[in-house]
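What follows is subunit A paired twice: with subunit B in the first complex and subunit C in the second.
Presenting the complex of A and B:
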């Protein structure tokens, strides 16, 4: 246990060191960075523009008002943005496996996961987070919510758990790239696809789909399940009330499974080459 | 255990899946390393050579802990590399000739700063090591230059320095002189000799450039098809390779190819000059005497075999010999 903790600490330290190097590398091209960040902000903002256009034709979407949809959008964008910033480049691990540069990471005295996670760290991804936070702030001002301590606590809990769940998907996706070249596309379906799904109210989708993202790939716990409680709405699957607080638990389980997948992937790489 | 690097019947078998038809895939096994045993004492500098796909890189990957062996026993500095990869990483330095570990957009010095923190190198030691590398590898003017602006030779020197800042006990070099110009090659070789002599660093070197081996290594190991086919000095390699020396003779006038001298065959004629091949292990003196006795000899020279040909001949199967064996050795 103490060994695992010291390894985790070592990994975080290495992650920080490598991230700092990438940030400095990025700043070698300051103008390019600023344009990329602005572009990232604008591209993600277009998602919300699409929602605004819908609301110019209807008053509610699946029974949800604009500030309510903005709340869903803001929470998932912030969570996903955080995971994308911290781990988003893990899907490049497949390329490292194919061109053999993963080997240069394996001969260093720090955990490979930390090195891969920090690889090509892209500060421009702050664009998505800042946009998510802005919309979340706006929705919180506009929403007419009766704030209880529980509801208040649920919002930050939801953001952190959501980021951890998306992070687990990134790690698991990277782990599968040791086996399959195109695992990145499958992973994108869950990450980018998942966050697009979660921007909209669950009432818009078929029950089977909602069931799938609740019980199979539990990204519904990123925001849908706890957000419905904050917004004072019924869960379409009729989950028990405690499920609204289950996000951190789901996040821990997802991270543990992703960690195991990563270990298995790395082990198979070391026994088979590439 | 007497060796610092110790391999005992080490194997690495890969499962390869090949597409055979639209959906069907054939599986077959490739023995990349097929029972290799050797031992390298501390402080030795060894050349590890072989053709592409012979198993060189696979061996290095097992020695660094990147790959787990399929069989056999392997120890580096008393450590099982695949099990204690991270612990071993502090004691080894690795240079992959064609994959730089330097930071492209940052000054060279920044890459070394990261190594210092990642390996937790004490300040005084880091400064001393960097100073030594900078001096011997002539990096002084390059430290503040972004790596992307360095030439290939400069970058390679930078990479070698990066692998040595943490005082590794073992240094693995995979093609360290590939693509370098003559001056850079000389600098790299001189530096390696110096590190090996003064720090006692054990060095294992794979290369295609046999001058590297000639100038650096007393011992050379040759691997082919996953097996060690030679382990000894360079001269021994000639004997194993059944290589030939060439006697070039200038006669008084143009004559038909020399005949009647056992163990010799004429490989080329050009006017009065003839090229005579004979086994490298034989002495040239009786041969010269025999030729001089029968032919009007004006001048002669002896050419040593090209080491590259020697190894090529070892790999060639079957051996390309037109001359029967007994005739050559009689």
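Presenting the complex of A and C:
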């Protein structure tokens, strides 16, 4: 146990060092960084502009008002943005397998996961997080929520758990690329697709789809399940009340499974030899 | 690099030399060969294609449900009924890769060749730089229309009630409109690519171009739903030729003279952006010193 903990600490330390190096490198071109961060902000903001245009035609979407949708949007964007910032470059694993540069990472005395996750760390992704946080703040000001300590606690809890769940998806997707090194785009369906899905109220979607993202790929725990409690709405699947607090548990299980998948993927790796 | 085999590249090069010596200038056969190699290059990555189809289909479902809610609340919004709105969703997923609605395809590669100085080799070739990349991009678009367009549209048609036309002529007009859209898209991306002659890092401009393409092509929401004057302007911009016009052609919103007008609108933008590309190319190759060792 102590051994595993010290290895995890060592991995985190290495991750921090590599990230710091990339941040210094990014800051060498400060104007370029600011432009890319603004672009990252605008790219996600346009998604919300589309939602605003929708709401210029209707008062509610699936029974949800604009501030309520903004709450869903802000929570998932913030969670996804955090995961994307910390682990978003893991979809490059397939390319490293193809061109053989993964071998270089294997001979270094640092966990491969830490190296791959920190590789080309893209600080510009703060743009997405800040857009999510701004919208979340705006929605909290506009919403008339009866705040109880429980609801107040649920908001930060779902942001952190949501980031961990999306992080697990990134790691699992990267592990899958050991099997199919060209299939990087599959994980976009779960990462970008997932956050797009969670921006909208669950009432819009077919029950089977909601069941699928609750029980099979449990991204519903990123925000839908806990957010419905905060907004004082019924869960469309009729989940028991304790499920509203299950996000951290789901996140831990997802991370453990993703870790196992990553180990299995890395063990199955055969170098191209070229 | 895995990709077009080295043997194929050598054959192509031999072919280029042959054309040069024989005819004194590049012929249509050269560009046909380049287009074919563009097609084959993308056809090589079967798993990547399947992955793309999967992602397009997942996004199609997500967007389709949001449109159902919107059109249930506001039937006939933007002049579409529900089936037409859903058809729009699946057309946009089907054209996403082929028409490079979010950018991509070749401009990164062109910028990299300009940055590294390899473009000097390209300019030495007995072929026109713009036509070379255009042929290459048409080959890519052709593969992606087949490889990444057909399946999502078919899945959409199976899962939802769509308003697809029965008249083969409408489909033909749609294909022509898609081709014109690809030309407009290529023209704009080519200018973005050439900007690397002046900007050492073209990433910012590429990002801006992809943002404009995503939003103003109608991929996030049909341009007919955009409010007021903003919508009127958006429908006149070149990006509407990429998706909005082809989708409206397939939905049978244009007939007779209206259809001709829509196609002329696209062709006009194609001429403008391709002409702009030629001008930028002329300035770039005359005035800019290519770096390299």
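Quick notes on this one:
FYI, the second predicted complex is superposed on the first by the 269 of 274 C-alpha atoms of A that agree within 3 Å, B and C clash if a C-alpha of one lies under 4 Å from a C-alpha of the other, contacts with A are read in each partner's own complex, and residues count from 1 in each chain.
By definition in this document, contacts are C-beta pairs under 8 Å (C-beta built on N, C-alpha and C of every residue); 3 or more make two chains touch, one makes a residue touch a chain.
For clarity, every value in this text was computed on a predicted model and none was experimentally measured.
Room for both subunit B and subunit C is found when the two structures are superposed via subunit A, with no clash between them. In the superposed pair of complexes, A:25 makes contact with subunit B only, with no contact to subunit C. By the touch criterion defined above, A:9 lies against neither subunit B nor subunit C after alignment on the C-alpha atoms of chain A.
Of the two partner chains placed around the shared chain by superposition, neither subunit B nor subunit C is touched by A:152. Contact with subunit C, but none with subunit B, is seen for A:62 once the two complexes are overlaid on the shared chain. In the superposition on chain A, no contact is made by A:249 with either subunit B or subunit C.
Contact with subunit C, but none with subunit B, is seen for A:204 once the two complexes are overlaid on the shared chain.
Measured by the number of subunit A residues touched, the leading partner among subunit B and subunit C is C. In the superposed model, A:185 lies in contact with subunit C only, and not with subunit B.
Shared-chain residue A:49: touches subunit C; no touch with subunit B. Once both structures are overlaid on their shared chain A, subunit B and subunit C have a minimum Cα-Cα separation of 11 Å.
Under the contact criterion defined above, the residues of subunit A that touch both subunit B in one complex and subunit C in the other are 29.
For subunit A in complex with subunit C, the residues that touch the partner chain are 29, 32, 35-36, 39, 42-43, 46-47, 49-50, 53-54, 56-58, 60-62, 98-99, 180-186, 188-189, 193, 196-197, 200, 204-206, 209.
Chain contact summary for the complex, subunit A toward subunit B: residues 14, 17-18, 21, 24-25, 28-29, 100-101, 103-104, 106-111, 267, 270-273.
Against subunit A, the residues of subunit C that register as touching in their complex are 1-2, 45-48, 50-52, 54-55, 58-59, 61-63, 65-66, 68-70, 73-74, 77, 201, 203-204, 207-208, 211, 214-215, 220-221, 225-227. Taken in their complex, subunit B has these residues touching subunit A: 14-15, 58, 61, 64-68, 70, 82, 85-87, 89-90, 92, 94, 96, 99, 101, 103-106, 110, 114, 117-119, 146.
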